[in-house]
């Protein structure tokens, strides 16, 4: 009697999230019922009453969920939490609501570190200049170069991404300050981190790392007045969501030379061909490439299977992240198209 | 009675290596006799007999040195050891022969880390594509992307630069192997590093980091047969001297797509405008920009003054690096023009 | 309208767990209703309907809990989970069930490290011998001494205590293996830890660290056959609960000289005056002193207040540990008397 | 033609410093001429002219040394530098003067950490009380217990031992200050350490770690006025030499309860049976047991052979420590009897 898993990964595909041998184990160890092209409402109406787990992120109105008498967990493999199901019902019924988002933390962290060093040392422009035959050598080409070792590194937002980024910076001995209104000061203090106001982070940091989620409160929270508070020449690295900043103000601050920035996210993606960001100086562009590595996507399957195994043994999940009943409604997630 | 320092920093300049307040302290605390435009031979003939220290890297034949009865140290601020003086005479007379090369270790390490991540995530090309309006988003643009965390990192050469680079990688948890015929296996083992042959480094590393000095033995030591041994898709980062590799063979290996490489050094600098390296794919170019940061050059003055102060108190120097009588003749240094 | 907190810390006391200024803040920011000597059933019957939080660990049968319509969290300040309330009811009603047990992790970790080094270097006996005038000097007194650096450190159980201990060992570069049937192999692998069977841990470790909780399955799990598998002269450090081992078998293994052990826990506490453990050689004795430091107890108040504040702002608790619905019934906790 | 090594390890013995297979390699790879019981003067007169290396620490007056035309290095396996030879002659003739003292750094560091934790948690007394049947349990027994995590750790002296100790403390996240008049502030700053005066170290540290060598200047440097400056209840750990402190003043400070101390060294060894240190409270006693572990002594042979091999290949030694011409006369070493 293998546990029943309703499998409905769209918009992701099996081939993206499972290595073949992992998928085989998944199918061997569980009774996997895949939705495929079947109508979603029909599929869930038919199968929810006997399902132990869902792997997917279907629209599940409360009335459907109430039929899910065996359901123990839902693993969201899109990695976000859209407002398409009754999360509170799940919490009340001890149904774990899980997301695979931790698979993206390490790739995002490495890109954040890479972009920071790319800014500090102007790696993309130096390369482009070389290709074009106009490179400068040595000191001449290093007029704005800076070292990162022992710099002040300020975080705006400090969730899982922030922690992964901080670990990646470990070899560069940063002095760290954190602004995150959702985090407990006591927690940060115990970890030896400096709790700071938003202004303190902006005013004292050599590198400002933005990994804040978008909430109902913080859209456009970083505007011209904020960039004006940054140290001249400081680096600004935007890794979470473009909506957190006033994008034009950020481009202005780069254009003026006051700051140098790198961004992996944009107000619209793809960005308009004539968008000024494409020609703004002191700006490194990365087209939403932080997390979506083949290896990270395969880890979705790995973590999903690992947690299904644990739960099937009566243990709590340990590889995916759990939704919090206090927060699940506060973060404005977007559907995944390209990531 | 302040100690007498003969000061002759050329090809470096005071303005490059001393911040004004440090230079002021230097002149206040020591009797600084600057050569300026005076003929070198005349200058040293006149002043060596009473000099306590030299800051510079003059040609000093043995007969001149023998007159230096008070000399306690020579600080080479060019940061190399050309064969232009009788080093063995210095060693025999307990004259410290020092170089400021450690000032470059941290900037080089950060660029080495930055170039590694730039390769792993194709940061320069992704930026250039974005500027040109042909960027791909997300997974589509990450076909060759890889994470560095827990990778096999192999060093070819492991002196001060290698150590600084390893520290910079600390947040990425590498498994490290080292090939360096000048280093004691026992030393590396005590530090938890894997001692490896050259072939082992090439065959097992995800990232090959080249920081070997050029000696009489190793010119062109890395050729086509060596690149053929590397793991497909592995990264090759050349930070020390172009002479260590067969540069064409490296470009071939990039061109074929077998490896991806980044280099900060070139067979000739500036590189010919029509050199094929400029258009070789899978190659990131950096024009000898690793060490020559303004902050690093200022650290030359800082370390020089710090060690002069220690020696004036009868203590050994601790901020500059000492020449080794066994090695000083083995490394083929080049004069600094641009760095 | 301050949130209502039912405050019933017994067997702990306000003076033990709150520094005065923290207690003052607690009372200022919350409407604290203390049980004092009032009959528990009467107290909770009267106050549960309007309570927002409970700080304490009362017996709460289901019928009482159903009246707690406002209840958002219960903070267990005894730090265990006795079977005296309907935890599942809490989970179903999104009432956080929290424990302050994390306050003990750091003190326990430091004692675990201290006892390991005390065993490795025979610190207590060396001191006692000196007091008694029979000390040996130098090598003569170091016949069984060993270094811990780069040793094999094996964990039996690897929860919060294990993690804190591992961090404390960070300066000693251990090679770590973990046996913990409740933990996901994937999780441990991602952290670079070696997943091992119980036998592998016993056979390969220079230091065996026992931090497993007592469950229905593992009472007496480590017996004579297990000690026989350990490396001769290996160290055994028992930090969690005496019930995990066959205590007599452990004493036999110490007595024979096969292993050296340290224990902070005993089958009965206080231990009988004539218990053989008191005179067993190769054994260091610590009378349940690992966690109960004044500073740790004060941290109970700090973390409790910090989490109440977060929850009052609509945020999830971050300083106390949450009960897991899968595990809360599996661990056999004991009431706190002395700790 | 194997290089000739004069081998004269007394007061150490071959069996103490060489594992058999290492000794075999030593004899296979080098022409080992052992002094044995031969008269020292005769031995060196006969063999110095053809010797490449000396392993030992003989009395070598200048006139004997001048005959040593081939000599490239002397490896002092006693690990100190007595004033029994013309060191300056060696320096002038590029003869490396090496000591095996680094073999003791790790064992000393681990004991220093162990003693610190033993003090912080009163491990020896807790054990003795248990043996004697008068143990207290839990909080009752922890009245003076403290945690070390994130404490202020102050070093008096910061040579190789200090560095090894700091690494061993890595898992306890200390804030570090250093008083060492022989060290460059710039060096310490680059490593992120706080440079402090002696008074600052005493006044601000929770743990004072003494690893200063004895020089002509610092005998008895830490007296009653210094202990009076320490924080009440702070820990004082003496690892280098008893001569650095006014031992009676230290015992007074322990007796009064102002500080708690641990010491591995004593004004005379063995200490008089009726010395008050034996009964001073708040004091942990260790009979010069820090370095002399069997494994450390064997490492003497390992490092000696490793460096002989390097030098025989024309490379500088890397495993032993080199004498500095500025310092070799300043440290007051003692002959090894028991260590």
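All chains are identified by letter, namely A, B, C and D, in their written order; residue positions are counted from 1 within each chain.
The rule is simple: a residue touches a chain if its C-beta (ideal position, glycine included) is under 8 Å from a C-beta of that chain, and two chains touch if they have at least 3 such contacts.
Just so you know, these numbers come straight off a predicted model, no measurement behind them.
Asker: With contacts counted as defined, which of the two, B-C or A-B, has more C-beta pairs across the interface?
Answerer: If we tally the contacting C-beta pairs, A-B comes out ahead.
Asker: Looking at C-alpha means, what's the farthest chain from chain C?
Answerer: Farthest chain from chain C, going by C-alpha centroids: B.
Asker: How far is the middle of chain A from the middle of chain B, if each middle is the mean of its Cα atoms, in Å?
Answerer: 37
Asker: For chain B and chain D, let me know how many angstrom lie between their CA-based centres, rounded off.
Answerer: Centre-to-centre distance between chain B and chain D: 34 Å.
Asker: So how far apart, in whole Å, are chain B and chain C when each is placed at the average of its C-alpha atoms?
Answerer: Here chain B and chain C have centroids separated by 50 Å.
Asker: When you check chain C against every other chain, which residues touch at least two of them?
Answerer: In chain C, nothing touches at least two other chains.
Asker: Per the contact definition, I'd like the list of chain D residues that touch chain B in the complex.
Answerer: By the definition above, chain D touches chain B via 88, 91-94, 182-187, 302-303, 306-307, 309-311, 314-316, 318-319, 324-327.
Asker: Quick check: in the complex, which residue numbers of chain C touch chain D?
Answerer: For chain C paired with chain D, touching residues are 16, 106-107, 110-111, 113-115, 117-118, 120-121, 123-124, 126-131, 133, 135-143, 145-149, 167-172, 269-271, 273, 278-279, 284-289, 292-297, 338-339.
Asker: Please output the residues of chain D touching chain A within their complex, sorted ascending.
Answerer: Touch list, chain D to chain A: 150, 173, 192.
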